[in-house]
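First chain written, first letter: the chains are A, B, C and D, and each begins at residue 1.
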Amino acid sequence: MNFDLTPELLDLQQRTRDFIARDVIPFERDPRCTPHGPTEDLRAELIARAKAAGLLSSHMPLELGGLGLNHRAKAIVFEESGYSPLGPVAMNIAAPDEGNMHLMEVVATPEHKARWLVPLAAGKIRSCFCMTEPDPGAGSDPNMLMTTATRDGDSYLINGRKWFTTGAEGAAFAIIMARHEGGELDGQATMFLADMNQPGVTLERTMDALDTCFPGGHGVVRFDNLRVPATDVLGEPGQGFRYAQVRLSPARLTHCMRWLGEARRAHDVATAYAAKRKAFGKTLGEHEGVGFMLADNEMDLHVTRLAIWHCAWTLDQDKLGRHASSVAKVISSEACWRVVDRSVQILGGQGVTNDTVVARIFADMRAFRIYDGPSEVHRWSIANNILRRAKPAH
Amino acid sequence: MNFDLTPELLDLQQRTRDFIARDVIPFERDPRCTPHGPTEDLRAELIARAKAAGLLSSHMPLELGGLGLNHRAKAIVFEESGYSPLGPVAMNIAAPDEGNMHLMEVVATPEHKARWLVPLAAGKIRSCFCMTEPDPGAGSDPNMLMTTATRDGDSYLINGRKWFTTGAEGAAFAIIMARHEGGELDGQATMFLADMNQPGVTLERTMDALDTCFPGGHGVVRFDNLRVPATDVLGEPGQGFRYAQVRLSPARLTHCMRWLGEARRAHDVATAYAAKRKAFGKTLGEHEGVGFMLADNEMDLHVTRLAIWHCAWTLDQDKLGRHASSVAKVISSEACWRVVDRSVQILGGQGVTNDTVVARIFADMRAFRIYDGPSEVHRWSIANNILRRAKPAH
Amino acid sequence: MNFDLTPELLDLQQRTRDFIARDVIPFERDPRCTPHGPTEDLRAELIARAKAAGLLSSHMPLELGGLGLNHRAKAIVFEESGYSPLGPVAMNIAAPDEGNMHLMEVVATPEHKARWLVPLAAGKIRSCFCMTEPDPGAGSDPNMLMTTATRDGDSYLINGRKWFTTGAEGAAFAIIMARHEGGELDGQATMFLADMNQPGVTLERTMDALDTCFPGGHGVVRFDNLRVPATDVLGEPGQGFRYAQVRLSPARLTHCMRWLGEARRAHDVATAYAAKRKAFGKTLGEHEGVGFMLADNEMDLHVTRLAIWHCAWTLDQDKLGRHASSVAKVISSEACWRVVDRSVQILGGQGVTNDTVVARIFADMRAFRIYDGPSEVHRWSIANNILRRAKPAH
Amino acid sequence: MNFDLTPELLDLQQRTRDFIARDVIPFERDPRCTPHGPTEDLRAELIARAKAAGLLSSHMPLELGGLGLNHRAKAIVFEESGYSPLGPVAMNIAAPDEGNMHLMEVVATPEHKARWLVPLAAGKIRSCFCMTEPDPGAGSDPNMLMTTATRDGDSYLINGRKWFTTGAEGAAFAIIMARHEGGELDGQATMFLADMNQPGVTLERTMDALDTCFPGGHGVVRFDNLRVPATDVLGEPGQGFRYAQVRLSPARLTHCMRWLGEARRAHDVATAYAAKRKAFGKTLGEHEGVGFMLADNEMDLHVTRLAIWHCAWTLDQDKLGRHASSVAKVISSEACWRVVDRSVQILGGQGVTNDTVVARIFADMRAFRIYDGPSEVHRWSIANNILRRAKPAH
């Protein structure tokens, strides 16, 4: 057991840190940052800078233009990317593209990769992941999936509605989760690949959400007899839930990594303020009430990082990591939330305005305790795991 | 000691509740709700409705068109008003106007009242309160006041910058806090009344804040040799800090009342959702993890209401209520915050979108722990009070 | 609505406060305070002092030697009694006797009252309440009741085991909850009155518990064919669960009152220490980290008191108060716990020793979150109540 | 970075686990466990077993009979030892002996080692560390040290009072911290070695503390002209505060390790109970309210372990580890406390009795947030460290 980072990784960490400071943070006040995320134009400009810096799609293998990072290396690099809300987009490692790339790399055919993964990894197009459905469909409980796929000759016809489809507006293609109706797979779930700009796909609206870091925001998408060739099933038919797990554990963990970076940024802004702003005869930081908040921030960031690193190591051991990623997700999302909330408080009135980046991080961060499984679902899953392992104690 | 409400007050409570449901909530999705609060046009429409319902400026005496409510009656009515983020504006009891009216009623001359208070109480104009200053000026620590007032013949010249001046954009007049420079009041503070549309007053910008419930948002105002006739001193010169206390304790408490209404609304929306949305085979509410959050909400709303009532009773005894209002403010702002945060969590993804009013309440509510004194300043003040009273124990 | 106390009640409060300071606190270091509570000898001495002070069994009617206090008056007096862990015993208003007296006053026959209630109210004997059973019997879930009552001629034969029977050791009589086996009441529950010193009653052991304030500690009691005449059914047969509610809501609330007094004591000891002990150049209390704890204590004591008063008022309106007493119990037990935990922390090392009374209060207090229904059971019951009331919100 | 344990360490972990289960836990109900810790007789019996198992004084080098473990290996072994409150005593790695051995190994002369360290490492004698003083002496603030050392020929005369001197009763020798009075070291601090059974040393009393795991409890020791030869200065004169740091960071961390084991034990007992005890139609663990507590326990144990491992790694890099050990101590003591508190709650009534070991762990654990520096002192020290490092953020 040790916590050493290799010189190569330390170098990559520093390069990422420099890139974010020099190439990304200056764009945070760019008017192309909209309530539904950075525009496509801004995204393209940031992607170009990351490519120039050799930091694009770093989780992808070398042949796809990435750096072939394992989970532990991602923990280092993705945290740095998150130091700006625009960082993950710039480096093409934001959700949902990052998770979609990972899943496709594992299960897609060479043809699918050539058609969709190659331009996605190059940052030329965006994608979305159509899974979550409005009430009474699948939210936290995947078994409530209502979108259907019906075999029709060599194709499937897909019908249903999805929401919280991050990045739907502007996405070139989608991975769609649907449940077979009829046939020998009746009731089982399959993932489909489909271009977005075709008949049968309607973007009903983009939701107005608190978070503003995702390009394209979160869409409500309707499928009306969307025809998907059977050859565009992603992986094997009937394996939808299994693939969701393949995608989910790492995707959940990369969320933690990026958001840790955001939380650290908020803490740094608050610390700088506390170190200079005076009240009642001394700097804010010299007031114990504020100093204790800084200390709690440091400890929360520390345990988040350790929990992420440990989970990344677990995933690097070729384990599925379902329990580990639930643990890491709850710890990270709640600790980072506390950090950002305290940072707002330290900044006082400014903390709730856009005079610093912290209010934006605050609004982004609230969703973290919900997206990719709310804390409650993970706690319940962790509890079940504990009870299964339980043996009589002394 | 009892918790009975008179039949008259119960009737007024019900009428307010009905008014909010019927006349105010339907406007929550009106496009005239902007990031800097409802427009003047929307405000006027709401004011007209409140007037028709006999619910305008209820804290003002009858001769000013109000209902002459004492603090305890306000606790009932203002909570109901807050059930919609637009309610306090509609009823002309929102900050800062409500507190300004209260202060002026206590210390203004008949001339000042005729000129400014009468139209303010009628909802025809708005006002602002210029107190908080940017670093290194007065924030939580009023002694850092940097805006100056210099005697010049029969007038004062005021110079300085204020921010977080709620409602500055569109306000007809301001109460300005400034420190005397020179003269026999050198170093002491005075409040001045001044129209906003005159030379020497510049609205530099309106800040982009998380909260969206205040008409005019929060402005940054600059005074450059603003000339104020000595007759427009509010009350006595040199009494600025004392008047600030007169205004602050009740104003702080009415904040608590209104925000309690907002928090109750969030809880009700979350409860309704938990009662019908299903996951994992039962309604959300039937899951203990969610049910416990609802129970905690109920308890937090309960103690907030009790703390407000107790403080209102204290103020009705003709006490200054500084300690009591600090206690009520910390309890209320933190408990209401927990309620709203849990409500967001129960709503899941929808909780962080504008699909319900809860995300908007969430964004409004965060400022409550900071405005009118952050929790930390009140805790410190409460602690000092405790230590002053401390006697050896057994 | 108001928070005034009558002059009579203020006087009674002061007299109780003086009594505790003068007649009770000096006995806290008496060697007759054992791990299983004060000895019978010490108890008798304290009872005599309370009687002399006119403060015995104050919740009982005048004809039984009490002061006929309603719930709100009890809130004032019982809080004062709790200022010493020995206070409630001294004043004969400790659990379980206090609740047993209340129940018997409501449902017992004149004969039962003459035989058991009169000497109990006079503090001459003690009683116990045999309800909770070891696994797999009735704990938090009363429906799991396993102790049986079988009709045998003019008597019942009672069989079963009870634990956490507070005060069993030394009790003159017991109220026993049992489930009918056979007969027309088969499956229903009844309460029985029975002397403890008779065949069929075995005190297996007294449990070693953290708390040390209850005379007789907590016993494990076994009934083997205990014969109880049918005339010694308490109230009506088959009404056991209903009577349990009659006893429980007020008994739960008087727990809150007494424990509030204990918590206030801990806070006062910690405050006195913080006001004089120096570290790092100033008193502990002048350190914000400690000052904030004192402020939080004050707020927790305040909301506890308000919640108790509100619930007492509800019970005085002749309401059953089940929901209200659950709310008050969770708020009180958790807030008082935080107060005592912080008080320990402020006292540093001394806080975990018997050099002050706080460590003893700490050990007593932990059980409060469990006895009379753990927080979790109350939260669940509160949640169900909320969901039953739920109507669609806007 | 990785979290692998070597096969050797895994084996040692398993052997320790087995030893605790087989040789130590059966003694937990031994009557020789007193309120002031296990008796000397019980201690000797346990030591003999650990020696037979090859697990004695494992942090000492091979030549002193130990296993020469580094900090990371200690993290593994000490956690296992803590699984029983008697474990660290059995393995001779309990405070204060463990820390005293460590300090002496680093700074003592060969003569001192032969005389005191050799028998101490063999578990033949015990020691104590006389540092903390009663008010107005040194508690959390070491600068308030009042015990004096005055040069008198070839000796020093030591005068003063110490308390919370863990293990004083029965200790063969003490390390005493005193401040020079007069001479060229006037005002500086030095550590002295001295046998306890000599004139000038008085054990005034042993304090009644909540914790019961330390042999000899916590003593109040008075020195009246205790004569210590100058040759019995530990290390260099005037280096007392520096040595305190040498001792403190690792000693603080080994506290964390042992207490993590205790917390894990409490969690295991609670889990086993939750897995079998039924209420309201299902096992406790199947109730989300309880399941969530188990999940929170698991996460708290996880972050504690990670924080300890990280700090151990830091210390293994030959760093002083002051900041790291403060961070680890606050995280560990507060997380372990939450674990134990939840475990009590899950166990219900039994949790507050000695029917399981959890109530004892609960009482032990409370002190952890105070001993070796209360959380508040560490938070303040962490905050200062943060502020020193602070640079302007973007």
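We take it that contacts are C-beta pairs under 8 Å (C-beta built on N, C-alpha and C of every residue); 3 or more make two chains touch, one makes a residue touch a chain.
Quick caveat: nothing in here was measured; it's all calculated off a predicted structure.
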Chains in simultaneous contact with chain B and chain D: A, C
Chain pair with more C-beta contacts, B-C versus A-B: B-C
Approximate Å spacing (C-alpha centroids) for the pair chain A, chain C: 51
Between chain B and chain A, distance of the C-alpha-averaged centres to the nearest whole Å: 38
Rounded Å distance, chain B centre to chain C centre (Cα mean): 42
Multi-partner residues of chain C (at least 2 other chains): 287-290, 292, 376, 379-380
Contact footprint of chain A on chain B as seen in their complex: 132, 135-136, 139-141, 143-144, 163-164, 207-211, 218, 277-280, 287, 289-290, 344-345, 348-349, 351-355, 359, 362-363, 366-367, 369-371, 374-376, 379-380
Complex contact set, residues of chain A against chain D: 1-5, 21, 25, 72, 265, 268-269, 271-272, 274-275, 283, 285-286, 288, 290-292, 294-296, 298-299, 302-303, 306-307, 309-310, 313-314, 327, 330-331, 357, 376, 378-380, 382-384, 386-387, 390-394
Residue numbers on chain B that touch chain D, as the complex places them: 287-289, 292
